[in-house]
């Protein structure tokens, strides 16, 4: 593809001098080499722009600096770049309708004829699967579980018995939906297991990352509501409820029965105790340890969690402790030197 | 089921007026709707009780408040509720003895005829499996590993070669028992792998959560003793020894060769360094970072870990730092204003 | 094996009195019993040495204390012990060339005839696998992925489409290589998925732990360079680049596009934000929360991360806060008691 064609694709402008430069694909400023096109959308990447080996770079209108690569001026370099990525994207893997001969589907399972069931997948008795859903290779769908329409289960997902998955849900490899909640009662010195007879319910448009675990409820349901996105290696305990359109980053842990609102952000490695409530649009910072309710919109940092402004002030105060010790020492010396101070 | 029958089931009392109320199942106060029965066992849930949509609620003897749902008076609402949960629990999945035709069992494996081997499971040469054990779908049991009686391996568990699992052990989906310990020696600038030739030994009545990893020993064994319960996504490194009846919550990490006592509690996301000892009944709080030995019964919080009382005092002192700065400033101003102080 | 033979094996010296002591295998000082040989290489294990039940112990030349077990004097007890471990190691599992009849290999896959493909493994269209590589039971190798020579994939590894694995790479059970990066754009209140069309590239001699997840790049590659070793349950996000011979311990999380140098150490449960750079040989302590660039050789601790010396000083200052409060109080009392101080 030549730059002329790329400029047309992104409604951009290229100097006629560079129109016929050959482009083989998109790359970042840092990784790009000859034949690559990159984009520059943020002033902080100016050093990377000046050092890039790309043959061409998307720049915003009004950008005037002379650089080594050819420039394509566009309205929004990031959006234009996304178009180029899509144009050069590898052909997606096709998952045609049908059940692979090595898959094991119980006779009582109701699998829509448009569903793809990959090699080695196991679908137990009483399962229902909606239209156009892809059940990847080696997935396990437990007894009486239900999948919706247009779900995409990557290879090797586990959905335990009776769990309910909505429509357009994506589950990544290694995710375990519906393992037993972690609950015991101490009786005569032994931890006796409390039966975990509930389910996990995952609503429409949810995405769940690789090797994430969401435990089934003690009774009732552990519930992930519509549009929520969950990253890899996250732990969600029994009876947790996560509201709609919430973002849960990698390695977050949420203990039992906690209720989380909508549009909440839980950053990486945050830990949330059980039986609390987090209001809508609250933000819990990375590695935060939260053990109290949060109001809507609250932002907390640190372990234990403090309101962000308090947390910043305390961090600054701790940073200045050395000076505080010095000041107190000076006062003590002054006091000792004073004739009439009883110190 | 009508309330009369439920009252009989839990040895409770219901007003004759409500005896014929129809109940479809148990639910929590918050999630309950018409036809559900919930329980009220703790005064802090009074607001939830007053707002519940349940048709009936289990309350303790002596509870007199008038509420919308019908009341059943019982000795212990939580225990009574557990009975109702058991009564309404879905029928458990049955795992009859026998080997699924798609499972691959090595001829030299000794599998008790009462064992259930699920679809797609693989049992390698020299494995021994005791009576009534369930090997779930797609499990992998490595060469010469042994499973005891009445174990339950949920779908997709990995047990690597030569590991030893006791009786009545439950392993959840995605758990990896016996991957290589993480050990290298730096030689001429390269990390050379130290052979990990030991095993993992898991004693009777242990439960291990989904996607938890327990590494095999460098030599000898990594050892989880009787009755210990381990949650999801926990990491236990090579040669660790965990005593009996200990509780390890989700996302805890334990480094190599650490020895942990009995009835210890490691709360969520705690991190424990290698080569230390933790005494019986010690408690390590959530997100704690522990790098020293703990005596029996010690309770530690924070990262780095401090004894709980010290940790609380320091947290309070840090919270009041703003005021301390103010006080020092006031003293300085006073000193400056004083005629004869050398400050 | 008798002690005479063991002494010969490790070029050590044993008193003739003990030459014929029968040894059944190696064990640690703590775990050893009759018939075991242990080693003593570090003075801090002297109490364990004195208490050991081993029949023999490797000790350094010059060690004179009389102990219950027989002594073998050697140059380097740890190295000598490694030789004994190797001598007593169980026979390794053999993975002969060939494709298990239950494996499913796409006709277009190019699998070297020396490759071992285990039972239940699935190899999709367009995959290439080099010489002598072992693809363990139930592994999934996605479309057009490539594996090198002498790789070892333990049972149940997932490699998603188009990812590239070098030579002599070891991947442990449950690892997921190439799941989608976690990226969304908020449009009209919905999180719209950003396509993740790149790959994961893993260079030669890398080892990756059980249930670790390495996400594919948004475009281009997530890149793990030669000789780097990664432990269990680690999360590496899209477009991260990890340099050569770096050590990443269990449960570390690295956010998107961060670039890590060579010979870096990331200790357990450390969390690294996205879009930063970590210089060669830097060390990030356990549970550290890092959100800024690190220079080569920098060592940081704490959350948020501070240079190690600063972190130690601040920890000491916080530990003495109680005394500081006392000192300020004393000054205030002195000031109040003074006749001419305006406090």
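A, B and C are the chain letters, set down in written order, and residue numbers restart from 1 in every chain.
Here, a contact is a pair of C-beta atoms (placed from the backbone, for glycine too) under 8 Å apart; a residue touches a chain by one contact, two chains touch by 3 or more.
This is a predicted model, so every value here is computed, not measured.
Chains that touch both subunit A and subunit B are the following: C. Residue numbering shows that subunit A and subunit C use the same positions for less than half of their mutual interface. The distance from the centre of subunit A to the centre of subunit C, with each centre set as the mean of the Cα atoms, comes to 24 Å. In subunit B, the residues that reach two or more other chains under the touch definition are 120, 138, 156, 174, 211, 233, 251, 269, 287, 303, 318, 324, 328, 331, 335, 338.
For subunit A in complex with subunit B, the residues that touch the partner chain are 104, 120, 122, 124, 138, 140, 142-143, 156, 158, 160-162, 174, 176, 179-180, 182, 184, 189-191, 193-195, 197, 211, 213, 215, 218-221, 233, 235, 237, 239, 251, 253, 255, 269, 271, 273, 287, 289, 291, 303-304, 313-314, 317-318, 324, 327-328, 330-331, 334-335, 337-339.
Those residues of subunit A whose C-beta lies close enough to touch subunit C in the complex are 26-28, 30-31, 82, 85-86, 89-90, 93, 102, 118-120, 137-138, 154-156, 170, 172-174, 205, 207, 209-211, 227, 229, 231-233, 245, 247, 249-251, 268-269, 286-287, 302-303, 315, 318-319, 321-322, 324-325, 328, 331-332, 335, 338, 340-343.
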